[in-house]
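Below you'll find the structure I mean.
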Amino acid sequence: MNAPALQVPTLQTPVLQVDGLHKAFGGVQAVEDVSFAISAGELLAMIGPNGAGKSTCFNMLNGQLAPDSGLMRLEGRDVVGLSPRAIWRLGVGRTFQITATFASLSVRENVQMALYSHAGKLRGLLARFGTALKEEADALLAQVGMLDQAERPCGVLAYGDLKRVELAMALANSPRLLLMDEPTAGMAPKERVALMDLAARLARAQKIAVLFTEHDMDVVFGKADRIIVLDRGRLIAGGRPEEVRNNADVRAVYLGGVH
Amino acid sequence: MLTRNRLLASVSALLALSFVAPAMAQEPIKLGEINSYKVFAAFLDPYKKGMELAVEETNAAGGVLGRKIEVVSRDDNGNPADAVRAAEELLSREKVAFLIGTFPSNVGLAVADFAKQKKTLFIAGEPLTDKIVWDQGNAYTFRLRPSTYMQTAMLIPDAAKLHKKRWAIVYPNYEYGQSATAAFKKLLKEKQPDVEFVAEQATPLGKIDAGAVVQALADAKPDAIFSSLFGPDLAKFVRAGSERGVFKNMTVFDLLGGEPEYLDPLKDEAPAGWYVTGYPWQDLKTAEHTKFFNAYKAKFHDYPRLGSIVGYSTVMSAVAAIKKAGSLDQEKLVAAMANLSVATPFGPVTFRAVDHQSTMGAFVGRIGVQDGKGVMTDWRFVDGKDALPSDADVRKMRPAN
Amino acid sequence: MTLPSLLIQLLNGLTDASSLFLVSAGLSLIFGVTRIVNFAHGSLYMLGLYMAYSLIQLLGRTPLSFWAGVILAAIAVGVVGVVIEMLVLRRIYRAPELFQLLATFAIVLIVKDTTLYIWGSEDLVGPRAPGLTMAFDILGKRLPAYDLLLIVVGPVVLGLVWLLLTHTRWGALVRAATQDREMVGALGVDQAKLFTSVFFVGAALAGLGGALQIPREPANLDLDLSVIADAFVVTVVGGLGSLPGALLAAILIGVAKSLCIGIGTTSILGFEIDFSRLVLVVEFVIMGVVLVLRPYGLLGKPPAVVRAAGSAPPPLTPPRWPTALAWIALLVIAPMISDDYIAALLIDIACFALFAVSLHFIMGPAGMISFGHAAYFGLGAYAGAVLLKRAGLPMEVSFLLAPFIAAAFAVLYGWFCVRLSGVYLAMLTLAFAQITWSIVFQWDSLTSGSNGMVGIWPAAWLSTKSAYYYMTMVCCGLGIAFLWRVLFSPFGFTLRAGRDSPLRAEAIGIDVRGFQWMAFVLAGAMAGLAGVTLAFSKGSISPSAASISQSTDGLVMVLLGGVETLTGPVVGAGLFTWLRDGLARETDYWRAVFGLIILLIVVLFPQGLVGGLKVLLGRWRESRA
């Protein structure tokens, strides 16, 4: 089976270009020959059943895992083998499937942390943290609708709110690419749509490429510009939502069970 | 809860006590005593009893300078820093006349240096380190007990007489064991130049790996063994060696093995024939000792250990110093200590002016087993003054101050 | 060494390994299930020996009564374990990590004094095992039958415990809990019963380990602390929760020690090396090497998935100026209205407060537990002493350079330590501390060895008590203020961020290890400052400044005050130092009283003293509102 050709709809260099990505754990091929690309302002959804290799893909893209082989180019630059820190510095933001925030810090401090890091201001020993970059943090929080909870410690927030804080943090370094691993898990349906609307708006306005995984098919088919489908580590389909919806392979291995 | 309330009460009592300085009145003369009571309990329990007896006898005889005496004791936890803080407290809060006591070498040296800094008399009862009167000796510090060097020197005549050529050595790996080993090697070599030291084992204090150590010593095929082990290490060494048959037909010297503190726990397994220094309390019938022995036995319903002798004699030395000085002025006290003669259960001892070491002696003999107990046999008393280097040598070692 | 000697030494090593394994097995079980760092495990071992001594004396000297005595002693110690678990530990399972260590520290103190009270201070040499007093001839050397028996006992006990773990429902629960403690709660298992039973088995194993030593080791009061370090080393080298790993580690360490003794003094490349002097540190060297090469021990696995922290530590609040100023004013006038002793005590407290704050700096906000923080305290103190006495530098210069030397060692040690986490990290810090201690303890020409160095007095202008007092307050005060200030700086927030979520921190470009390393160095420098300040106030310094007990004191101070608060370590240091000093004066059994007071605080204030007071204050405010 040939990997489906994935034409980039525009002519400019894609923000992210992935070619022939491989990753095996022991004898198990978790990701096998995966190739795709995303351009600026585009929302690309990666779907597939549990264990299809989505999280492995994400972890390779942000540097937590090194691929066994394959190419990953961020705006033309090879990023294989770079650490999460280095990849973040090149303009990649990420939210996690299980939220990861700093529980003992307030919501605002969480976002300020990311902003300080971006500004290279973390090493100050005597300055007071939190006095600088406050407006910037509040602006980001306003964007995700969390400004009213800015003073609360992250440790006490509801899950959906944590997801939004994560998004604000991921946006702090004005990313070129945003990786969102199940961004709406744990949210009420109404919130999900609102959050993905927000992501889409940001992507268009700031020319951010967004790659996300999602279990809620309404969100996927409603919001994604394009969709790629993984099954047992392989890419089995890709294209516009309506193409994917009608793809026989997809229906067989994935949607078949749902519809 | 009763215990909780009582605890809270005692805590608040403590709080109140420690911030209110005790009122001064016409009081007994206080001696500030510091020791590692909890860390070296086996030696220091009898030591404390010896002190109590000395205080009781002194006060019954009318005290000194017309005042009664009192010993104020502090536990230093075996830690020099705690000892110095306790010394500070004794001097500034308890207003003690001067300092006595201490057990391990590092604590003794730290308090000695503190005494020098504070220009206060310090009579170190027990620390064995040679340095406290020699290399690091100072004007204010005097030491009662025969030092590591002296006790080792007392064993040398017997060791040299046997003409054993190959010696193996085992010692606890810290100051006391290291100095004992160095002194033994140096002194024996002088007497018997052809001696060879074929194996040396430094064992962590309290954690000897007895089986392996005994085996390693035996492998070197020595004619004799010199050990400075004591306490649990000694007990383990004795048992491991007898089980392995290593001590059969082997001459063994153990520096402190005859002290009741370390000999008694061995009971019928006490290694007969070993050469040791110690305290044969059962057989010592001198007038001074009998008097002490009976008084001790009557008061505590127990026989004295070597620690009792040291505790008793330390307090008696302090009393004698005050009596001779006729005052509590530090310089007068220090001057009185030089050539001060003190009656102890082991007979009269003198604190030498040259190095502030007392001439207290020790008993040298061999271990025997009687009625299922270890005892000393063939013992003789060696006067401390006969086990010390020449005054010229001592002066060379002592810093000028 | 000849071949027969080598063989005998290997067998000696295996005997010791078996004994080591027995103590460690119980510790490993208890830690695996309850995550409690049971500091009192050595005390249970000690109790095993004492109880076996008394029981055998009671039962008579026949083989049957000997073995009955050993088994009964093990069971009795198991019961003591149950009592400890039910009366104390059960109340504090929800307390912050490591807080239980404080309770077990108190238990060590109480058990020690109770043992002294019951059995007295004299060492008790137990009987030899009836029927096993002979020795076998092996290649012309004699090996006691009992030692050979012990070699077998270790693996047999491992087999029995393994059967228990794999073939019973209880064992299945224990294994499940070891892998994932929260799962077991979710399965509807009575967690309290499970923990109690695990404590029984773990304590009984420790008691058995002790009781079996009765023919080889006199019962004495130092056994508790001398055994506990060994047991932790074996457990960690083997890999936490892995019993076969513990056996392997015990063999490695037991044999290494025997070989060091067997080799004795040898010349290598023209240098005379006395290997027997390495015995006191060889296990820590092994632990250091193993942890650097295998961060989870020989057979350990990386800990199971760490969930998003359920209960995050509360945010830190900076001290208020009015309160701080009041304290400063009090400290300024204290020596004027009191005697030299109060000044001396306050100097000690200030030094320990800085020491505790520096430990808290890495433990709390940076999330790195250290069991070896005394290394930097001792290094600072010794650096000052060596520069003054050996290099002949002026006191002021020696004093100022000392923290930098401590920091230099922290740079070296920290580089390895920040690569690990949790208990493994803590034990690696301990390994470095013990290696440092053993060098200080044995390098006579530089450090005066076990005697320590004396004559380390301050310069003339600081020689009065009050002058040195003010100098101490300034140095320690500035040190504490500096570390507190840093905690509220971008650097300090980055540390907290790295502790809360290393994953997120890396994902926003934070080099977590780099920050932790830097924190390690800062804490090391400040501990060094505390050490050198104390050394010059005492005029002397000894290796105990870098010892395990100094490290433990630091931990206890931090936990006593409350690890999740800012001022907790200072309060803890003050209370600890003052209580210990005062109690020792009031009663002979001060350790037991001290232990009881700590237990009381532990049970009443599971967040530490300051944490607990804050909760109380909060409730009071609420009730008024």
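We just call them A, B and C in the order they show up, numbering each chain from 1.
The working rule: contacts are C-beta pairs under 8 Å (C-beta built on N, C-alpha and C of every residue); 3 or more make two chains touch, one makes a residue touch a chain.
Not measured: the values here are computed from a predicted model.
Contact counts per chain pair peak at B-C. Relative to subunit B, the most remote chain by averaged C-alpha coordinates is A. Between subunit B and subunit C the centroid-to-centroid distance comes to 31 Å (mean Cα coordinates, whole Å). Subunit A and subunit B have centres, each the mean of its CA atoms, that are 74 Å apart. For the pair subunit A and subunit C, the distance between C-alpha centroids works out to 44 Å. Counting partners per residue, subunit A has no residue that reaches two or more other chains. Subunit C contributes residues 308-309, 311-316, 485-486, 488-494, 496-497, 499-501, 503-511, 515 to its touches with subunit A in the complex. Residues 3-4, 7, 10-11, 14, 17-19, 21, 37-39, 41-42, 44-45, 74-75, 77-82, 84-85, 88-89, 91-93, 105-107, 109-110, 112-114, 117, 129, 131, 136, 173-175, 178, 199-204, 206-207, 209-213, 215-216, 218-220, 231-232, 235-236, 239-240, 243-245, 261, 264-267, 269 of subunit B touch subunit C in their complex.
Within the complex, the subunit C residues that touch subunit B are 1-2, 5, 8-9, 12-13, 15-16, 112, 116, 120-125, 128, 133, 135, 141-144, 146-147, 215-218, 220-222, 226, 257-258, 261-262, 264-265, 274, 276-277, 279-280, 338-342, 344-345, 348, 441-442, 444, 449-452, 454-455, 457, 534, 538-545, 578-586, 588, 590-591, 593, 596-597, 600.
Those residues of subunit A that touch subunit C in the shared complex are 62, 64, 83-85, 88-89, 94, 96, 98-106, 109, 113-114, 116-118, 121-130, 153-155, 166, 169-170, 172-173.
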